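What follows is a set of structures for review.
You will see two complexes here that share chain A, one where it goes with chain B and one where it goes with chain C.
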Partner chain A sequence: MGWFRKPSSTPLWRDEFSVHTADERYVNRRQFTKFLTLTSFGMLVGNAWILAKSAIRRAPAYPRMTVAVAGEIAVGSVKIFAYPTPDDPCILVRTGDDSYVAYSQKCTHLSCAVYYEKEQNRLECPCHQGFFSITDGAVLQGPPQRALPRVALERKNNQLNAIRMEGGGA
Partner chain B sequence: MTTDPPQNRGLTAIDGAMALIVILLIVQIWLLSATLESYLAGHPEAALPGAIISGILFAACLGLYRFVDRIDSEVRGG
Partner chain C sequence: MFGNEFYVDPSRCIGCQSCLKACEECDTHRGISMINFDFVDRRESIATAAYVCWHCDEPTCAQVCPADAIKKYEDGVVGSSLKPRCIGCSNCVLACPFGIPKLVPQYEQMMKCDMCYDRTSVGKKPMCATVCPSQALTYVTPETIAETRREKPVNTFWFGNQKITTKVYMMAPADAGEIAIDVADYTWEGENGLVPQAF
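So, the complex of A and B:
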């Protein structure tokens, strides 16, 4: 306590447990202020933790993975696969004879699985009626605030390869 | 017209400081949640300004606590 108050001749226990009723109001307030200041320190630690996590965060290395063979799915059909890890479900949509798009299947709102709505040609999250563009994964309607992360595809010979994730904080 | 005894004046100052700390704490809680949300959304660039501002807010809280501690010490003659 020496850093904050003048050195006192009275023992600490007398400062903290005053025998005078009037002094109790001061002790209570000071202790509550100390609690608030410690809470503030906790918030600072939280921000410092986020800063440390940001500093050590590296750009993820994405594997190259074959997700489908061209012609494997019909136009307007989908295939579910996992990329880049087995815990990241993605959806591949064949939108034309020779065009494919793939997105993360986790809705950016609350991570429900999105599915392809063929009639409207868009991706839909059934949990809260969020809709995403099939062209670029942008939000069309509903509570999601961010676009779906897109899986970059590469066509090599007859194979469709996922090469990385793009956008959506991926 | 009555004047406030010194004891009560000290209490008023402490109450004012406490109210300020509560306001700073609310701002700090909001800042932490906003920084965390930004980080989880893949925008870590908000982490540094968030940490700096949080440090400033904590320093202000510490200064106010020191103020409360000194008033308590002076009024009660500790």
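So, the complex of A and C:
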């Protein structure tokens, strides 16, 4: 808050709560006006920044990555991989003979790893019992508010390729 | 009466305790005296010392107060704790180098001498100074003191490395400079259990 007062070597609290009644001044009118003006100016700049950023925003480019080959995992089992960067763990589930789904493994609540719960056919986050649908990653129950980001898959010949992330702003 | 200063001369104190009684008369703290009254060395001497708050220029009590309850007013008087603010934590009691503040349990509040702020702020003398028969506590102008006393008023005290200047003056021998008090000297208890006193 150094902008709002005269330069001083004493700490702000000692200035504001001086033991001398003569020096006792909390926020005076000029400080308050400065505060209001600078704060509203800061909000204006912030909004302009958000506007400018959204105007020039481009869709991020995702790499194409081979996740698995067909038949590598059995029906109802999973494979953990990382996409799009090595720091983004994802989970691939083979839900049927010919159907695969993949989601980000980070729970949208507090980023715990989610696991496939085979009996209920859903994704479970064990930290706070958050459950996600296996079909579209939507929240079934628990504290998460947003659906799991989905990894779009593409089948080429015998290979399963991750081509981009969908949803979740990832 | 403005322009007066408070002078404390323990060598003139006769131990009558009139100051205590006069202080207790005050309506803001009736029955509780804000005078600090000491028997200097009770086994060896009948000497007594009565003194008030020294009203330091940089009051340690106020600096350590976490509730901002002790204020130094513009005329240099350090007030007693403000009732709505004081939380009775005793920080000031422990911090004051002179041992002035007292926690009053029935009020759950620190109370100390405020130099009769209701009186001195309108030009009257503090109660203790009006009743002291030997003028060990006196509230007069510096000129009067210079004319009537041999001793020299001193308001600089050293406690170890802490230098304290005060509004209230101590009458010291004419050749004394600043009064230096090594706190360690007065916390040592001798083999015979006697505690050396400050005055």
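Convention: the second predicted complex is superposed on the first by the 112 of 170 C-alpha atoms of A that agree within 3 Å, B and C clash if a C-alpha of one lies under 4 Å from a C-alpha of the other, contacts with A are read in each partner's own complex, and residues count from 1 in each chain.
Following the convention adopted for this analysis, a residue touches a chain if its C-beta (ideal position, glycine included) is under 8 Å from a C-beta of that chain, and two chains touch if they have at least 3 such contacts.
Everything numeric in this text was worked out from a predicted model, so none of it was measured.
J.: Based on the superposed arrangement, let me know which partner A:54 touches: chain B (first), chain C (second), both, or neither?
T.: A:54 sits against chain B, while chain C stays out of touch.
J.: Look at A:85 in the shared chain and tell me whether it touches chain B only, chain C only, both, or neither; answer first, second, both or neither.
T.: neither
J.: For A:43, using the defined touch cut-off, is the partner it touches chain B, chain C, both, or neither? Pick first, second, both or neither.
T.: Touch status of A:43: first partner only.
J.: For A:24, decide between first (touching chain B), second (touching chain C), both and neither.
T.: second
J.: Counting only touches as set out at the top, which of chain B and chain C does A:157 meet: first, second, both, neither?
T.: Neither partner.
J.: Under the stated touch criterion, name the partner, chain B or chain C, that contacts more residues in chain A.
T.: Of chain B and chain C, the partner in contact with more residues of chain A is B.
J.: Which residues of chain A are in contact with chain B in one complex and with chain C in the other?
T.: Touching chain B and chain C on chain A: residues 22.
J.: Give every residue of chain A touching chain B within the complex, in rising order.
T.: 1, 4-6, 8, 10, 15, 18, 22-23, 25-27, 29-30, 32-34, 36-37, 39-41, 43-44, 46-48, 50-51, 53-54, 57, 146, 168-170
J.: Inside the complex, what are the residues of chain B that reach chain A?
T.: 7, 10-11, 14-15, 17-18, 21-22, 24-25, 28-29, 31-32, 35-36, 39-45, 47-48, 50-51, 54-55, 57-58, 61-62, 64-66, 68-70, 72-73, 75-76, 78
J.: Spell out the residues on chain C that touch chain A in their complex, using ranges where they run on.
T.: Residue positions touching the partner: 58-59, 62-63, 65, 68, 70-74.
J.: List the residues on chain A that touch chain C in their complex, please.
T.: 17, 19-22, 24
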